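First chain A sits with chain B, and in the next complex the same chain sits with chain C.
Then we have the complex of A and B:
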């Protein structure tokens, strides 16, 4: 067979594989959105779930998912970016570095249900907090930390490449170099990583089942406190998220329209994840353009 | 007068010896060209002068590098040293910020906050690298929007902003087109009135055109150094002659 024909065949095969991936995603999204197509109603999005009767909403879970996301990002971002800076700029190659890397890689491949059970043991029982947003956020932080560390490390490495010597050459200290030049130029990539991680956090269920609990009492926005259990912003209250609620409806739904609610909630969930992913791209390229002076 | 002097300088990367017994004197307010084939140690030597090699693990240096009579590896604070001995790199590497902020970066990290003082430094530095006229109306635009040659002159302005005495240039024109190269070469003639310039170059014509003194490196050693005209027209060593006339390298 001549080389040109071979090249053509392989091109077609590779196109077909990529096309299949796109098709798979499209079918999945369309199927989920179609089954949950009636989600756009006020009583569903902003209503409370009902017990034993049809027509309940998802408002508390929706809020919980966002709040959980914010709390866990507040924990993960400083840790992940900090570890990324350390690995990229301070750590010297050697035994210690290899051990740290091995630990992070192992952490990255832990199944989320294992992290959830670990969270139950440590963040729920040992701390005597019970099922709380804080426990859930910490479990998710454990899950997310390795990915964010890797994103930050890579971003900082590639940002540092050309400008680090220029900054040090002007007599800047290593910390001035990191904080004033390297971090700002690594920011678009880190931000993209954070938003993509947000999509994963938003959809996480297994790690939250036994840490943030499976109850979502109606929220009353009249008290604002981080500790008072009756406040929606309390870190110390149980908080069932959207993903956990979907799992619960399918596993042990006690309402007559359980599967309908689950379908609609899934549509909302997947739309949110899509929004996160698309905005990651848009924000990333916006910042890149403003840096590179293309606009 | 000599501003930089090295005595029996050896440098090792791990077990590999990259510089062997370098003894070189650099004259003040002159342009010194370092020439030699790739991997001969000329860039490594350049980077020992402002201690950029500190950034690389496993580098061992013996012997002395004296700057105005002081040993830069024992008597000098590295930050002070790098203020006095600035560096321009092979690839233009402006920071991803505005033209103004690029030039103001050096003075700012050294504690200058006064806006009018910074304005003055930015203007002086950009005039110093003959870029002012081209960018004065867009100082707040991103530096990455400039052409390669403009970026390199911006990097020179950035180096000038901290008022160094010595400029180290590591093949500053190798990534530029001929017109930009010419501009940088003309600039060097102006710069040597106020600064001492040490330049690594692969371009023999460039070395011949712009430098007062030349040092020829080969396999980590200096084969011959001295007045550029002598090196180019009356080389004492056969290997220097071979390299300059293009017979090897």
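Then we have the complex of A and C:
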């Protein structure tokens, strides 16, 4: 009887712990959204930040976060997918493969602040670019490179299983097989990985402090250029993102309503993370359905 | 004719293969160049500024900006170590409990509630964790336990939530692959579920669980902004869990922007970055050793 009673007690404890964790998450998210519930106002989402007075908005930072995300994805996706193909299809087990794996593990576990400092050294100082979107995007690309490589490798491996030999048997070269048969069917799974990574990029701050800088000049959408510093699409301008802005509000507090803005900006960030997460889940379940033949 | 064949082969295979190999090698190049650059910057303290490794690691006198600079980083090393270990001690039992719940107590609830919850925990940006810690946890600690709020305790609590999903998801993978016949043997001998969990599943999965714990520790060591926002950043040893201190990452975040490249102070900060790199590489080697032993 004793063992059975113990079993019951521990079952209850495990339920309690799991319930506590889920509850903690719910409370956290609801609290953040509730505290920042006034973020849905035109002057906040589309207004420029103010210095020394209350009521500033987050428009430039919000735009910067999206632009940074796009630029860094444009850098990481081709490289990550390429490296994934290499690991899944071309690399042979052996010393080289082992070294590549060790490097991926090392790179993936590096603190993001260290990656940011590497970015400061190479993408900011050595290139003489200064704090720019491009430097920040490259630092984040370094940060996400290993994760995306892993996602692509796994997706390609699992997609290759069923179709690879058929394609090779028809006389296609390995590359033709990869690019026309395997990759298209691996794409949904890679996409899920990319969206989840996007959520992380959107909230990343430590790697950006010393690469993309901490200033966000107001945006004027009358010049469109990738190099001209006055254009919002310029890769060569400093760009404080939303996450970095929250950090700076807390560190320097240069406006009287800093905590109010930080609350609202946190709500916006959390909402974006939720959007990224939910869309990754939807795509994931679509793939599951199509693979299991339900639709 | 032969030329044309080569050209077709080039188009169908060689270009793609070369691209994939370049992407794979890029990871290696990136990792090595990161180590090289941070190593060469971080060594300046010892080569140009006359600090000894012994002083750096074991002295607690940190005055890199004085006329006779002192480079003792023990305060930060101790701060990082204590906070990270505290977070792991708090987080690991909960994570293992979650892992077991997901696969052995209620797979249905685990799949529908806990897995998505863990994914969301990962998705919440570290500045948002830091901000919630600052605006909710600090006042709570101040009124509940005394002190000024900024404290090691706050750092430990924030970090323990942040590393929870890391440890939980890796432990979950580890308990999932425990062979079914172990369970059947255990149940067949008349063991209760809890006896099976505590004496068969957890011991059989201990390698994987340990890997999760080490990765959690690595993540805790490297987390910068969330810790920096709640720990108080005073350059002294914590004389209790309620007093503020500094960590390797927090001092880097605070001071890197204020120093000029080439000064002893700046060099010393790069040495801290190098130390972080060495620590995270060591963790990877430990994980590899655990994996080897398990084979």
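Here is the rule we use: the second predicted complex is superposed on the first by the 262 of 295 C-alpha atoms of A that agree within 3 Å, B and C clash if a C-alpha of one lies under 4 Å from a C-alpha of the other, contacts with A are read in each partner's own complex, and residues count from 1 in each chain.
We take it that a contact is a pair of C-beta atoms (placed from the backbone, for glycine too) under 8 Å apart; a residue touches a chain by one contact, two chains touch by 3 or more.
The shown structure was predicted, so the numbers you read here are calculated from the model rather than taken from an experiment.
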(Q) Going by the contact rule set out at the top, does A:184 touch chain B (first), chain C (second), both, or neither? (A) first
Q.
Just to be sure I read the superposition right, which of the two partners does A:166 touch: chain B = first, chain C = second, or both, or neither?
A. first
Q: Could you look at A:290 and tell me whether it touches chain B, chain C, both or neither (first, second, both, neither)?
A: first
(Q) Looking at A:176 after the superposition, I want to know if it touches chain B, chain C, both of them or none. Which is it: first, second, both, neither? (A) both
Q: Please work out whether A:102 is in contact with chain B alone, chain C alone, both, or neither, and reply first, second, both or neither.
A: second
Q: May I ask you to decide whether A:74 touches chain B, chain C, both, or neither, giving the answer as first, second, both or neither?
A: neither
(Q) One more residue to check, A:54. First (chain B), second (chain C), both or neither? (A) neither
Q: Figure out whether A:92 sits in contact with chain B (first) or chain C (second), or with both, or with neither.
A: first
Q | Superposition-derived comparison: chain B or chain C, residues of chain A touched | A | C
Q) Which chain A residues are contacted by chain C in one complex and by chain B in the other? A) 173, 176
Q) Where on chain B does chain A make contact in their complex? A) 50, 52, 55, 57, 79-83, 86-87, 89, 91, 93, 95-97, 105-106, 109-110, 141-146, 155, 158-159, 161-162
(Q) Which residues of chain A touch chain B once you look at their complex with the stated criterion? (A) 92-93, 162-173, 176, 180-181, 184-185, 290-294
Q | Parts of chain A lying in touch with chain C, wherever the complex brings them together | A | 3-4, 6-7, 10-11, 13-15, 17-18, 21-22, 24-25, 28-29, 31-32, 35, 78-83, 85-87, 89-91, 99-100, 102-107, 109-115, 117-118, 120-122, 125, 142, 145-146, 149, 173-176, 178-179, 196, 199-200, 202-206, 209-210, 214, 243-244, 246-247, 250-251, 259, 262-263, 266, 269-270, 273-274, 276-277, 281
Q | Residue numbers on chain C that touch chain A, as the complex places them | A | 9, 12-17, 19-28, 30-34, 37-38, 41, 94, 97-98, 100-101, 105-106, 109-110, 113-114, 116-117, 119-128, 130-132, 134-136, 161, 164, 191-195, 197-198, 215, 218-219, 221-225, 229, 249, 252-253, 256-257, 261, 270, 273, 276-277, 280-281, 283-284, 287-288
